[in-house]
Amino acid sequence: MGTPFTLSKGRFEAFSDGVFAIAITLLVLEFHLPALGSAPSHADQVHALAGIWPQYIVYVASFLTIGIMWLNHHAQFRYIEKITHGIVIANLILLLFISFLPFPTEVLAKFGLTNIAVTYYGLVLCAIAVAYNLLHWQIVASDRSIPQSPLAWSVVGLTVYPVATLVAYFFPFIGIALFALLAIFYMLPSNVASAAFRPE
Amino acid sequence: MGTPFTLSKGRFEAFSDGVFAIAITLLVLEFHLPALGSAPSHADQVHALAGIWPQYIVYVASFLTIGIMWLNHHAQFRYIEKITHGIVIANLILLLFISFLPFPTEVLAKFGLTNIAVTYYGLVLCAIAVAYNLLHWQIVASDRSIPQSPLAWSVVGLTVYPVATLVAYFFPFIGIALFALLAIFYMLPSNVASAAFRPE
Amino acid sequence: MGTPFTLSKGRFEAFSDGVFAIAITLLVLEFHLPALGSAPSHADQVHALAGIWPQYIVYVASFLTIGIMWLNHHAQFRYIEKITHGIVIANLILLLFISFLPFPTEVLAKFGLTNIAVTYYGLVLCAIAVAYNLLHWQIVASDRSIPQSPLAWSVVGLTVYPVATLVAYFFPFIGIALFALLAIFYMLPSNVASAAFRPE
Amino acid sequence: MGTPFTLSKGRFEAFSDGVFAIAITLLVLEFHLPALGSAPSHADQVHALAGIWPQYIVYVASFLTIGIMWLNHHAQFRYIEKITHGIVIANLILLLFISFLPFPTEVLAKFGLTNIAVTYYGLVLCAIAVAYNLLHWQIVASDRSIPQSPLAWSVVGLTVYPVATLVAYFFPFIGIALFALLAIFYMLPSNVASAAFRPE
């Protein structure tokens, strides 16, 4: 079919970075204040700003999740020399779910921390975890010299999110706390980029 | 007229990449939940999240369409050495319609999959296809050494979208499925960047 | 005061490109459909989409205006070697008004083509023209070897927008047409980047 | 634990620049016009556009604050050779609060210049000041050869924002003026990047 299609890694990363940066910044648009009458009192205003505390937690959880995914994305792409068709598609699927995260964040802002809203949010996190592993496998498949992430690590990633989502269905408050803790856990020095290629 | 105007290809691509990345990420803002009473029941919430299934399809179709256009844009710019005035204008027209795509996506979210909304969406996809071919022709005209896309390919691109739009007018559900399938079709390994310069 | 502050031109351009790309893409969020009853008829939907024709004109005018400003910004920065404090401030002022453009675009969408809304829009375009010239003068002042834009060109830029704004106050339809035509005029091959440094 | 994790400075800056550029451009979405009846009179429209004057001040204050933070961020990263884990985390925390700024900006647009709204805004500025200093200390800790910002400067930054916030609680109009003046003050030639590493 003639010359193979080769993507420039630089533009590929720039586009992906753009999507990560925009998705993480759009999260703020999903904050919703309760409707207040005209000229709300001092106390009403404080109550409105404090009453949306679940939105603050969700904002932090979503922000850290996208931040972590960006870090890991970055770590994975370090090793890539050649962008294959499989990587292009897997990357687009990952970005599709990353870009989608502001919507479940908004659902949580609108419904509150109901078990449905937190479960819906958790399902999107599960989809991101799957898409991330799909991308990882495509990258490893593209070049045998790239160090593979330990299988155990993938299993962990693909297990904890469904489990946390299941917990969220029954105990939404614990569920959302788990999602925030998972994001913080992945930020620990020993874990950053572990999902990538750190040889054991 | 003195020194000719020369654009840096790097900044030109960075600006275009930015517009593509933002347009693809803004799509999520067009999701609309139906209005629910206060403290909606478990079932109401599930119904609300499942009842917007057409929006999920449209989100995926729009996301993949912008993703494909970015890939092809990238493929086209690989060969360019000199950014001519014609390329600047054609590129701006393409970006204008790409940036516009969130609006027909929102129309679909608001009207539902009516034949008017799907047709409107299809007309914007037709405009993108025309603008993309306009850009391709400007690029080929800028340098005779650039391999021209097979004419047949342009004819296909400029035919399938109007045909799918016509179908959408009468059968909106089939129409939106066609738009999604076309985006997936253009993602197949043999088609990615075919619209660009792969010599036969 | 120790080592002078030196900005990297690359990051400076990247940040500016980002703001331009985002402002141009955010314009689409300012489209507003009229409120329709539930299950609007075929005719109502067509009427809604066609009835917002002034918004399409304003969208194109704003899009081309930001596009032109980006092109000229790019052309001006070609010659810069050293980013002075004056350039930093003038650039930030220009970006402030460019970022602001989606708001008068929204005002036009909400008020319609009233003389107040079009005049308000025109005043923002005047502010952009002033900020652009301010940036140009700072750039020329930073390095005497940079070719200065012909004074006549600055006078034109600083005159046509106020005149068009004055016309808009009395004849809003002619005013908005003038703004669109001015953007198209600046896109002609002989004018692109004329506002920059093309020596005569 | 095998190969250490090393982040590319280029992608790190690109991602940060993206977040800064998006946050600064999203501010415009927080403008809110008061609800007007259909076909508002000439005078009503002028009143609506002029009556939101506090929003203009807040827009400028937020825009300049993010602009200044970007400049200082840029200045700090000049010296970095190695991106440590501490820098990654501190940077993410800074971006979290920068991205959050459009929300207090919207609160001010909705509540008006009430003492609660201005205090809330001020608290977010305090958080940004703390996060910025945290990042600075992480950068200095990463490499002993990096010139440390004079301690006095940090003390100033960590003092003026809380003081201005306290003032804002009692005198909201003076408070918002102080926030705008602080941003302008940090833009003076002698102060730009002082918060960074200018040796004394």
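Order of writing sets the chain letters: A, B, C and D. Residues in each chain are counted from 1.
Here is the rule we go by: a contact is a pair of C-beta atoms (placed from the backbone, for glycine too) under 8 Å apart; a residue touches a chain by one contact, two chains touch by 3 or more.
Every value quoted in this text rests on a predicted model; they were computed, and no experiment measured them.
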item	value
Interface residue identity across copies chain C, chain D - same or different by half	different
Relative orientation of copies chain A and chain C, as a Cα rotation angle in degrees, nearest 5	180
Chain centre separation in whole Å, for chain C relative to chain A (CA means)	35
Averaged-CA centre spacing for the pair chain C and chain B, given as whole angstrom	25
Per-residue overlap in chain B, given as positions that touch at least 2 other chains	14, 18, 22, 26, 29
Chain B residues touching chain C - in the complex, by the definition given at the top	1-3, 5-8, 11-12, 14-15, 18-19, 22-23, 26, 29, 85, 88-89, 92, 95-96, 99-103, 106-107, 110-111, 114-117, 120
Complex contact set, residues of chain B against chain A	13-14, 17-18, 20-22, 24-29, 31, 33, 36, 40, 42, 45-46, 49, 59-60, 63-64, 67, 70-71, 74-75, 78, 187, 189-190, 192-193, 198-200
